[in-house]
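Sending over a structure as structure tokens; questions will come in a sec.
Letters A, B, C, D, E and F name the chains as they come in the text, with residue numbers starting at 1 for each one.
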């Protein structure tokens, strides 16, 4: 039995609220249960310096947690003087995932920065962030289309992400913090709307896992991401 | 005529929503119009190291803005490697203001950190932060009282803050960003529930101001803070 | 009775020595009693990068204390890796105050940096710094005028600053360290030669203060700044 | 055809040279073709501060590249002021992988740091580092056993790592730089001697990959890691 | 002919003014011509942490230049985030030189920090700093003796330093900035009162120098340091 | 008797292995006994920004030690956030020494960076680094000559470096760590192939040294550097 009483293949209640940030070109407040992330898309009319003059745009992401998003207060990274290794790992993942569904030349020489700020954290912040970031990115691109800034549609597919893990011997979908801190194996999957795999990050915390277990987790992830993509479609419809 | 059509002595719509953060000992989401600040209070069972063994507690504050709280995206301070001068100035002000109404020995050897994170910024973020921080602090202390952690009430009075300024020659209350960026003089006032002045910070952006103008601004601030304290009382009732 | 035996409205002995730095375009060694600050003005033939091409100049300030300016040695900020919040607050104040009396377009696309280095600290370092910085700035502009670099006089008025506070119940002028560390209320005032208020920063350390007390402090400040401006006039005559 | 003419399931020539560092408790110079990594194990007689008094030890790793390990010189991270996101991601991975095969309570309250310094980089530095780090760790633990510092053997299994990818449509093993920069999909696998999966990190650089492709890559990785573990066994025999 | 018209073996006018810093345990304002350095000695009643419990004290130094000590303004090191390589090299030299004449066990478990702040720089700042630092250190130790804090005299000898160089083919003593920037060879010598060599740092800027030239520079340095030690004796008499 | 049984004027076994780094334009792995340094030369087709447009090139050096090059593990400087004072001192010395034998205008507007990474440290790392760096620089310039990038030969002479010291009263050549940590006096000499002195850094650790001792050390250094230059000639022949 999961701590949340959910079935092994059940997502937490998910919501995707659009247009929550007054000034951003696109935004989404995403909730996976008690995990809440504010995603904003900011358009800049020039690409990063290392990309100048190449006729392509760029999509990047930054990730941060409010100090008291967590059970115990976490030290602010501006005070620590630099983002932690975990933060850098996550924001690199988000940016990489989004770029796989964007036609960068079609963006033109521009940069879109997706800021994912975790307001409350109950496990799965990176997967919620990716799922919400896609909505913010979609709306930013819609904003550009409304202003005739792009011709072809630069957004080629959906992207959604979910965590799976082996909790007390059972493969389960969408781990919350109570499960995550106990799970033997924890894996994050990023899938496209078409079902292609964009990223797998699976880690055995204690006991190595087998190929069979990996396939069980992947099957759960496909179920979960299909639902998340449906929710994205409803949200942006 | 003010850009917002408000009367010179009118506050923006103010709301103080409590208990918005699942894990914090106290929290408040404060809105002054389009300025939105999330304030959380975190209790730590030891004082800062420089205060150990002195039988007193401490209240401190940290302040930050989400990158896209503003019209244009602001660089994250964790990336810049340190909080800006403006951030440090504001968080020192918030902490100092709160401490004037707290009986620090009555807290015991503990520290309360109030995090004020600006979700959206339309002028007056520091005054909204102080006003909301008081509510978060109040609820943190109530949490401690409910657990018999303190005997005497360590919270001696209310604290609220408001900005005033001279906009196109007229003294006005609670400047939004459109006014703030045009105002000749900008002053922030922090007052107690009893009407005492805890902090005045008045700056002439262009033209020096006179004693008479200072008194007009102070009168507006008293009106504004009285209303804010009433709203705090309603909120925590 | 004040520790220094001064009357409540008496300044410490003040001196403003010009041309003390061999290489600077303007300089002033200012003493407010045992508080000694070396102010130098450095002219640079280009504005800060964010102001390029706008036909205006800029005046900025930096503030620092020698490690043993104080009773106990203070850690060097270059070792700490960044200026403290207090340092940033003070240098922002000095720059802002000076800019209110400078016609920035008349300066041309140039920058003047006023460095205020505290050689010895006995309270009131920021007010001494502002008062001396004005003299260094004046001499730097005189240096420019002597070389026909500016047409109209870019310096529109004097600027002087003084602290006031409520010490053992009595409003007093120009607090030294012994008073400052005991005062209930501490306020810094920056006034122009014409008597206009450029900045007020008043803080209740323990007990809130009243409007009547604020006015008493402002009256003292006016007396003090009038004398300081007279001393500036004598110095640059 | 692979640029190196290797068969799709062929490793590069691998060598594991032990005892190459005069002062370290264990060391290994590992070569995967032109990728060369020096791994040293340093024993410290106390655990990290956050683990004190818990009766367990810790294994951690640091990773770095010499500036001219690469085709073009890379800026030194000590000059940049902090390790890059990539560096932090890799060293976290190495440490996590090693810890899955170490009985931390059996180590006692000690820390072993594995430094992995890339002397030359031709793709696959993280997998070479993990494979060599295991040898350095093994020898450090042997050093401890020789001195009766541990009772039970704290090292429970082998750990080896290899990259696989889809290069021009074909799944291939152990990508060098020429393949890595062209590959559609790149995945790193960390496996135990018993064949359990400890970590999978698979990323689609351009085109999403399918479940079938994932299984092909995993099969290649099993082949590769089996050979690497054999080489480790020969090396430490 | 030297730019300053001095004879090849002539020092600039040197002065050593004691007790210039109100709060320091010892201080000296040293002038070598237009090079002016403020040296203060600060006593701390505990040694650096790495020396605790060893029954010895420590003497260390810090060196800094005011931004406008130089012809053109230099960026503040607190803004740059760290001391420059040149600064670290010089402060390590000053500390090392002073320690050679101090009986560290006789100091007891204490630390003396000598701060050398360059108020004005016209070449030879490090040699002026060492020469003045000795006086500040002497007075700090005298302060300790007056309070019976030390038994044996911890100060065993004088230390003085001077630069020499080959300017337009002629070996000269005590280079000012005009000579220093033109000299082929530049060497700094630190000598004891007894004439022993404590440190030699000789650098060929353009043309290598010979053993004969080295000996000529050393002879000049002996002459110079003898005079500087005499001036120290007069100063502390 | 020296700990290594060497005669007072005997170098440790020295080797200079060229072309050890696959990607660098020049490289040398230098061993002075158990001190091993990898030197690589990296050519960049533009000079540092402060030298642009002056028709000259630049040669610079960076120095670092692997964490476990030493008896006890040293903290990584990228983790500490900046190079230590010792590191900066050494890399400034290496760059300065190399530049004295390079015709910088003949290089053209380019920069050569010599990275000296200490793989194992047993005393004398800076002298080994300079001696090996010359070989790497030589080969980088040969690489440029082979591509007709330079006309005149920009390399004017050899540069080699050695340490000398007074160990238990006897002047000895090429100190290893066991001697270095015990020596009264430690001096590093950098000489050209023609026998000119480029740099002397002599430090009395405990007892000041005399002119006679300095000359004995210099004589040893000349012997040592002559042999090192012969080894360089053999290496690059």
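Assume a residue touches a chain if its C-beta (ideal position, glycine included) is under 8 Å from a C-beta of that chain, and two chains touch if they have at least 3 such contacts.
This one's a predicted model, so the numbers in the text were calculated from it and none came from an experiment.
When the contact pairs of D-F are matched by residue number across B-C, A-B or E-F, over half of them reappear in A-B.
Here the CA centre of chain B is 51 Å from the CA centre of chain E. Centroids of chain C and chain D (each the mean of its C-alpha atoms) stand 59 Å apart. Chain A and chain D have centres, each the mean of its CA atoms, that are 28 Å apart. Counting partners per residue, chain B has 81-83 as the residues that reach two or more other chains. All the chains close into one ring, and from chain E toward chain F their sequence is E, F, D, A, B, C.
Chain C meets chain E in the complex at residues 21-24, 27, 34, 38, 40, 42, 44, 62, 64, 66-73, 76-83, 87, 113, 115, 117, 119-120, 122. If you check the complex, the residues on chain A that touch chain D are 82-86, 88-89, 91-92, 96, 100, 187, 191-192, 194, 196-204, 206-211, 214-215, 218.
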